[in-house]
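Think of it as A, B, C and D in the order they're written, each chain with its own count starting at 1.
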Amino acid sequence: MQQISLKLKEEVMKGVAKIPIVVDSLTPDKLFGKSESEIKAEKVWWGNRQENTGDLFEVEVDGEAGSASEVKIVLDGDLSRVKYIGAGMTAGEIEANGDVDMHCGAMMRGGKITVHGNADCWAGREMHGGELLIEGDAGANLCAMYRGEITGMTGGKVVVEGDAGECVGQYMAGGEILIKGNVDILAGLNMKGGRITIEGNAVMPGADMTGGEIIVKGKVEDMIPSFRFVEVSTLDGAQYRKYSGDLAMTEKQAKGLLYVRA
Amino acid sequence: MVEELLIKNGVVYDPINGVKGEKKDICIRDGKIVEEVKNPKVIDAEGRVVMPGGVDIHAHIAGGKVNSGRLFRPEDGRKGIEPKTKVCRAQSGYSVPNTFATGYRYARMGYTFVMEPAMPPIAARHTHEELIDTPILDNAALPLIDNNWMTMEYVKSGDIDLLAAYIAWMIKATKGYGVKIVNPGGTEAWAWAKNCELNDAVPYFDVTPAEIVKSLAEANERFEMPHSIHVHGNMLGHPGNYVVTMKTFDLVKGTKPYRDRPVLHGTHTQFHSYGGTTWGDFESQAKAIAEYINSNEHASIDIGSVILGDTTTMTADGPMEYSLYQITGRKWTNHDVELETGTGITPFLYSGKVSVHTIQWAIGQELALLIKDPWKVALTTDHPNAGPFIGYPILISMLMNKRRRDESAEEMHSAIFDRAELPSIDREYDFYEIAIITRAMAAKTLGLAEHGKGHLGVGADGDVAIYDITPEERDDAGKIQKAFLNAKYTIKGGEIVVKDGEVVAAPQGKTFFVTPECDEKLMDEMMAKLKDTFEHYYSVSFANYPVQDAYVPNPYEIRAPWRS
Amino acid sequence: MGVKVKLISGRTVAQGQNLDNKLSEEYFNAVALCELNAADMTKIGVSPGENVKVSTKYGTVVVKAKQGAGNPEGIAFIPMGPWANAVVSGDTKGAGMPQYKGIDAEIEKTEEQVLQIRELMQQYMK
Amino acid sequence: MVEITDVVCPLCGCVCDDIVVEVEDNRVTKVRGACAVGKSKLMGHGRIKSPAIRENGALKECSYDEAIKKAAEILAAARRPLLYGWSSTVCEATKVGVELAEEIGAVIDNTASVCHGPSVLAIQDVGLPSCTLGEVKNRASLIIYWGSNPTSAHGNHMKRYSYISKGYFLPGGKKDRKLVVVDVRETKTAKMADKFLRVEPGKDYLVFSALRAILYGNEDVVPDEVGGVSKNDLLEVASMMKETQFGIIFFGMGVTHSRGRHNNIVNAIQTTRAAHTHTKFNIMPMRGHYNVAGFNQVCTWETGFPFAVDLSLGYPWYNPGETSSTDLLIRRECDAALLIATDPGAHFPGESIRHLANIPVIQIDPFANPTTEFADVVIPTAISGVESEGSIYRMDNIPLRLRKLVDTEYMSDEAVMERILEEVRAIKAKEGE
C-alpha cells in the first residue's frame, strides 16, 4: 500500500474570494508510479491559472504501490472549494477529511471515496462503478446526469449518512443509492433503473419515473398526483404502499415502482 | 497575407477545367488564380493531391434552427470542446459545433464555401449574424419561400409573374441566394399539427404541394438565377416515399432553365429514396432514384449520406421531426414561424445494429455509386441530419474503396445484404470523381463557378486544398480518410489558412447574395398586397423586416436580370 | 404578534417605470412596500401606509404595508427590488436560480423606519 | 420636430417595433404606441454624468481612458472574474464580452441566470415546442398565462400578440379566443380570464403532473384536489386544451422562481407535449429584458452554451448551479466583476450582493442605481435603442435591429467593451514579455 497525503495550505483559502481548485488530475490512477517531486509538479487549475500541486498542497508520500489499486490518497485542510475529488477514478482509495466541493466522484468507475464531511452538488455524477461514502450531507443532483444527458448513474454504490438535496439520482439507470436522512424534492426524477432507498422523508419522489424503484421508509410530502396505488406489500418485514408510475406519461412508459412506508 | 503564391509539384484535380490528375503548377496573385507569378512564396506539394477548395451545397451551419440545436444539447457541446489558441477561438460541439469550430473544421477538410440551405426569412438577420462569426468560409443562404402565405396565394391565383416579384423581394430582403422549398404545404399544415402529401390541399389555402413546386420552378426561371429551386420534397423519411420523390422531380420536367443547368436540385435524397410500406419492410429504392437521375437531365441531387453515431436532426419540416421524436421519445424542439415556415429539432442515434439505420447508411452511398454521371451528384450528409460534416472523409474513403464498404457491412445489421444494393456494387470513385462531388458539381449547380468557386482556372478565387496523399496511395482507405480530414494545406483567397491540419489563419469569408431584378410595375402590384399582409398579420413591421447592410460586412452581389 | 405567510416577489408597472430611476423617491414608493390581504393586515393590526417588518430565514427588512387586491390570505407580495431581495433565498439548489418566490416569512407591525437604498447597500458593505 | 416611425422599443421581451416618437432638439419629447413602462424608458431619466473611480470610499470623476484602463487592470489581474449582465444591451457588445471572457478566463453570464435560466435548463432536458408571436396572433384560440402577469410586466403583449389581438384565423380578436390564467394571486391578468386557477405557492409542479395524467387518459389516478386546484377545474382546463385548434402556454417567473424551478418548466413543457397528442399546442417563456434572448443566442453560437459559461480553463464549461452568477457570488468564488447593463444591487439576493460589495466591481450602465453605490469603476454609456443601434432578439427569438433616435456624447457599450479588450490585451502582452 502507498499513502499520498495532500494537505491544502491554509493561505490558499484565506482571501476575500474562495477560488476553487480542480483536482481531477489527483486520482490514484493518475498519481500511481509518480515520485513525491513529480506529484508536487502535477498541474492543477486554481481559477483561471494553472499551479503546481506542491504550491497549493503539502505533499507526503509513504510506502510503495504495485498498482493504482494500492494507492490511497488522503486529503486534508479546507476542501470546501476543492472540486472533482476522485473524478473518473477507476481504482484505489481516496479519503477526504472535511467538506468537499462539487463533482466529487463524478464519472467514477471503480475504487472507493470516503468523505468525512458534506459533499457539495453533483457528487457521483454519471457514476459507473465503485463506492462513494458521504458521512455528512450531500448537495443537489447527487448521482445525477450532466445537463441534457438522458442517463445519470449506471452503476456503483453510494451511501449518504446525512440528508441529500434536490433531484437525487436523476435519470439513474443502474446502481444503488442509500440516503439515511431526508431528501429534498424530486428524488429519482426520470429514473429508469437501479434502486434509491431513503430512510428519512421525501418530497415529490419518483416524478417521471419510467423504471427502477424508490423505497421511502419515512414520510412522503406532496405525493406526485400521477402515481397509481397497486397494493400494500411487505419489504424485509415492514409494510409499504406500492405505487406504479409516473402516469404523467403514457401507461406504456410508466414502469417505475415507488414504495412508501405504510 | 502573401501577395503571390506558387504551388508546384502537385497532382491537380480540377474537373471544371478538365484537369484529371496532372502535375501542374498553380499560381495565385492577390487572392486570384493567375497564369504566372514573379517572386512568390513557394509551396512544394511533392506529388500530393491538389484540388480546388471544397464547396458544400447543403449544410445547416448557421441560424436559429442550428442555434436551437446547440442550445438544447449541452451534452453534444461538451463532446467537442477545445481551448482557444493564438489563432482560434474556443471550440465546442460535435454534431452542432459553435460557429468558430464550424469554420475551422471545414477549413481543415479543405473546404472554403458552404451553403446554409434553410433560412427562415423573418429570422434572416440571425442567419447572417452567425455567418459573420463563422470564420474562413465563404457562404450564402437560401431563404424558405414555399410555405409562405403570399406564395400560396399567388400559386392559387396562378400569377407566376407576381410570385416571381414576391420571391425577388424576399431574396433581396433576406440577402439570400435562391429559392428553398421544404415540405411544401406540409409545414403550413403543421401549424395545425397536420401534414400534406404531394396532391393534398393545404388547409385553408387550397393549393397542393405539387402546384407550389411547379409554380416556384417557373417563377425562379423568370430570372437569370444562378441556382435552380432547391427542393426538400414531401414525405421525407417515410417508407415508400421514393415514388413521391420521382413524382416531385417530374413536376418540373417541362420547365425551361435560363441556362444549361437543372431546374430542380433534390437535396438529401437519401431521405427520399425509401421503399417498403412500414419500418418493418423498409428497403432501399436508391436504384430507382438513380435510374431516374441517369435518364433525366433536369434534376440534380445531393446524397445526404448517413454517418453512424449520435447527431442532431433539424429541418423546417416540422411534422417530420415530430414523428422522429415520437419514435425516440427524446427531447424535441419545434418553432412555427408566422406566415412562412417552421422548424423541428430532435437528437438521433444512427446505429449499425439497427436494420433501418443500416439501410439508410447504404442508400446514401448507393446513390453516389449508381448515378453514372458524378456531375449530377454532390456529397453531403445534410449536416447535421444524417451526420456531422466532419464525417465526409469517412464517406470519401467508402466511395473510393469497395473493400472498406464490405468490411463495414460485415459489422452491420444483416438487412444491408437483403434490403439494400450496396454490397453488390463494385464501383469505386477516383480522385477526379471525388473532386467533382465535393467541389465542382456544387459550384456549377449553384452557379458559383463563374464567380470563382470550385475550380482553379485563371481568374478563379485562390482557394486550394493540398491533401497529404498521392495518387499512388488511392487504395489505402485509412490514409484517404486521414488526408481528407486534415489537409496538408488549405489556401483561402491566396492566404494559407491551414497547414499540416492546423488552422494558422482565420480571415472573414465573403457572403454571396443574389439580387433578382424585377419589372417595376409587377413589383408595385405585389408590394401593395405585401404591405397589407404585414399590416394585418405579421408581428413585425414592414420597415424593420429587411436585412440591413450591416449584416453582410463582406458582400458579393450576383445580379439576376429579368428574362423578357 | 406576527402573521406567517408565503412571500412572493415580482414585477409591477410602477417598478418597471422606474427601472432606470432607482435612486428616486418614485422608485422607493413603488418598491419599498408589502402587499397583504386585508385579513392578514387586521391580524397584525397594521393599516395601509404603516410599516411592517418582514423576517425570513435569510434576513429582515422593513417596508410599508399596502392592501393587495388580489392577495389571498397567507400570501404577501413585495415588488422585485432591493427590499424584497434582502429577505429572499440565495440557495439555488444546484439550479443557478435563487428562490424569489414562495418563501416562509413572518410579518409584524413595526415602528422602525424603512431604509433608503443607500442605507440598504451600506449594510452589505460592512 | 422630427417624427420617427417604426421605432423598436428597448424595454421588455415584447420588443414592440411600431412605436412612433417625436424628437425635438435632440430629445425624445413624445412617444406613441408604447406601454407605460416602454414610454418611460424612451422618454429617459437622469444619467450618470461622467466615468468615475472609487477612491477611499467616494466615486471620483475621471476620463473614459482612465476608467477603462483601471477596469482592464482589475480584469487582467483577476483569477476568477465574472462578466455579468448583457440583457439590456445589443448583441454587438455581447460578442466583445465573450471574446474578453476567453481572453481573461472569466465566467460570462446574463440576467437569464436569475430570470429564465431554469427555462433554458428545462429546454435542455425536453426541448421546446414553440412558435413566433405572430403564430399566436393569427391562430391561437386558447391562451394560457401561467405564473406570468403581462398587465404588469409586458404591457402590450396581449394587445399585439395574444388574447386581445386580431389575427388571420381569429378576426374577432378576443371574441374568438379563450383565456386561462394560473397564478398564486388573482392578478389583473387573472381578472380578465375565462378561467382562473389559483394554485398554492410551490405546488405548480404537482398541478402540471395532474394535467398530464388527464391528457394521457390516466385521470383515474388524479386525486380530487391538487396543489389547491380541484380535479374538476383540471378536467375543465384539460378539455379546453384538447378542444382548441391551436393553444399556447405563456409562462413567467411565477414558475421559474418558485420551488421546483427548472423542473416546473420541464413539467410545463411535458404538459404541452401531452396536449400536442390531441391538437396543436405550443409554449413560450415570457422573457423579461428586450435582449435577454439575444445574449443567449450569441453566447450559444460563439461558445456552444447559452449562459453561465466558464472559460477559466480556456474552453467553455457550462453548468448552472456551479457557473451561474448567484452561486459564484454566494460561494464567494469571484475576485472581480464587470457588470454591464444590469443592476445586481437591486435584483440579486442580499447574500450575493454582500460578496459583490467586497470585491472590485466595474459598472457599465447609462443610469445610476443601487449597484453604483458599491461599484469601484463606473463607466456611463449610450442608451441602446435611443442613442445607439444594434441587434437584439425578441422573446420568441425574432431578430430585430434597435434604432438610434438621438445623438450622444456617451460611448456605446460596444465601444467601451472594445477598448477594455484592447487594454487587457496590452497588459497581457506586457506580462508576456
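The definition used in the following text is that a residue touches a chain if its C-beta (ideal position, glycine included) is under 8 Å from a C-beta of that chain, and two chains touch if they have at least 3 such contacts.
As the structure is a computational prediction, the values presented were derived from the model and not from experiment.
Taking the mean of all protein C-alpha atoms as the reference point, the chain centroid lying nearest to it belongs to D.
For the pairs B-D and A-C, the count of C-beta pairs in contact is higher at B-D.
Between the Cα centres of subunit A and subunit C there is a gap of 38 Å. Centre-to-centre spacing of subunit C and subunit D amounts to 22 Å, using the average Cα coordinate of each chain. Centre-to-centre spacing of subunit A and subunit B amounts to 45 Å, using the average Cα coordinate of each chain.
Counting partner chains per residue, subunit B has residues 72-74, 78, 331 touching two or more of them.
For subunit A, the set of residues that touch two or more other chains comprises 121-122, 140-141, 146-148, 167.
Across the assembly, subunit C contributes 93-95 as residues in contact with two or more other chains. Two chains count as a pair here when they touch; such pairs are A-B, A-C, A-D, B-D, C-D. Residue ranges on subunit D touching subunit C, taken from their complex, read 11-12, 36-37, 40-41, 44-46, 113-114, 117-118, 121, 149, 151-153, 155, 184-188, 190-191, 198, 201-202, 253-254, 256-259, 261-262, 288, 308, 320-324, 326-327, 329-330, 343, 345-354, 356-358, 366-370, 372-374. Listed in rising order, the residues of subunit C touching subunit A in the complex are 93-95.
The touching residues of subunit A, counted against subunit D in their complex, run 15-20, 22, 45-49, 81, 102, 121-122, 140-141, 146-148, 167, 185-186, 189, 204, 207-208, 222, 224-228, 245-251. Across the complex, subunit B meets subunit A through its residues 72-76, 78, 329-331.
Interface of subunit A with subunit C (complex): residues 121-122, 139-141, 165-167, 184.
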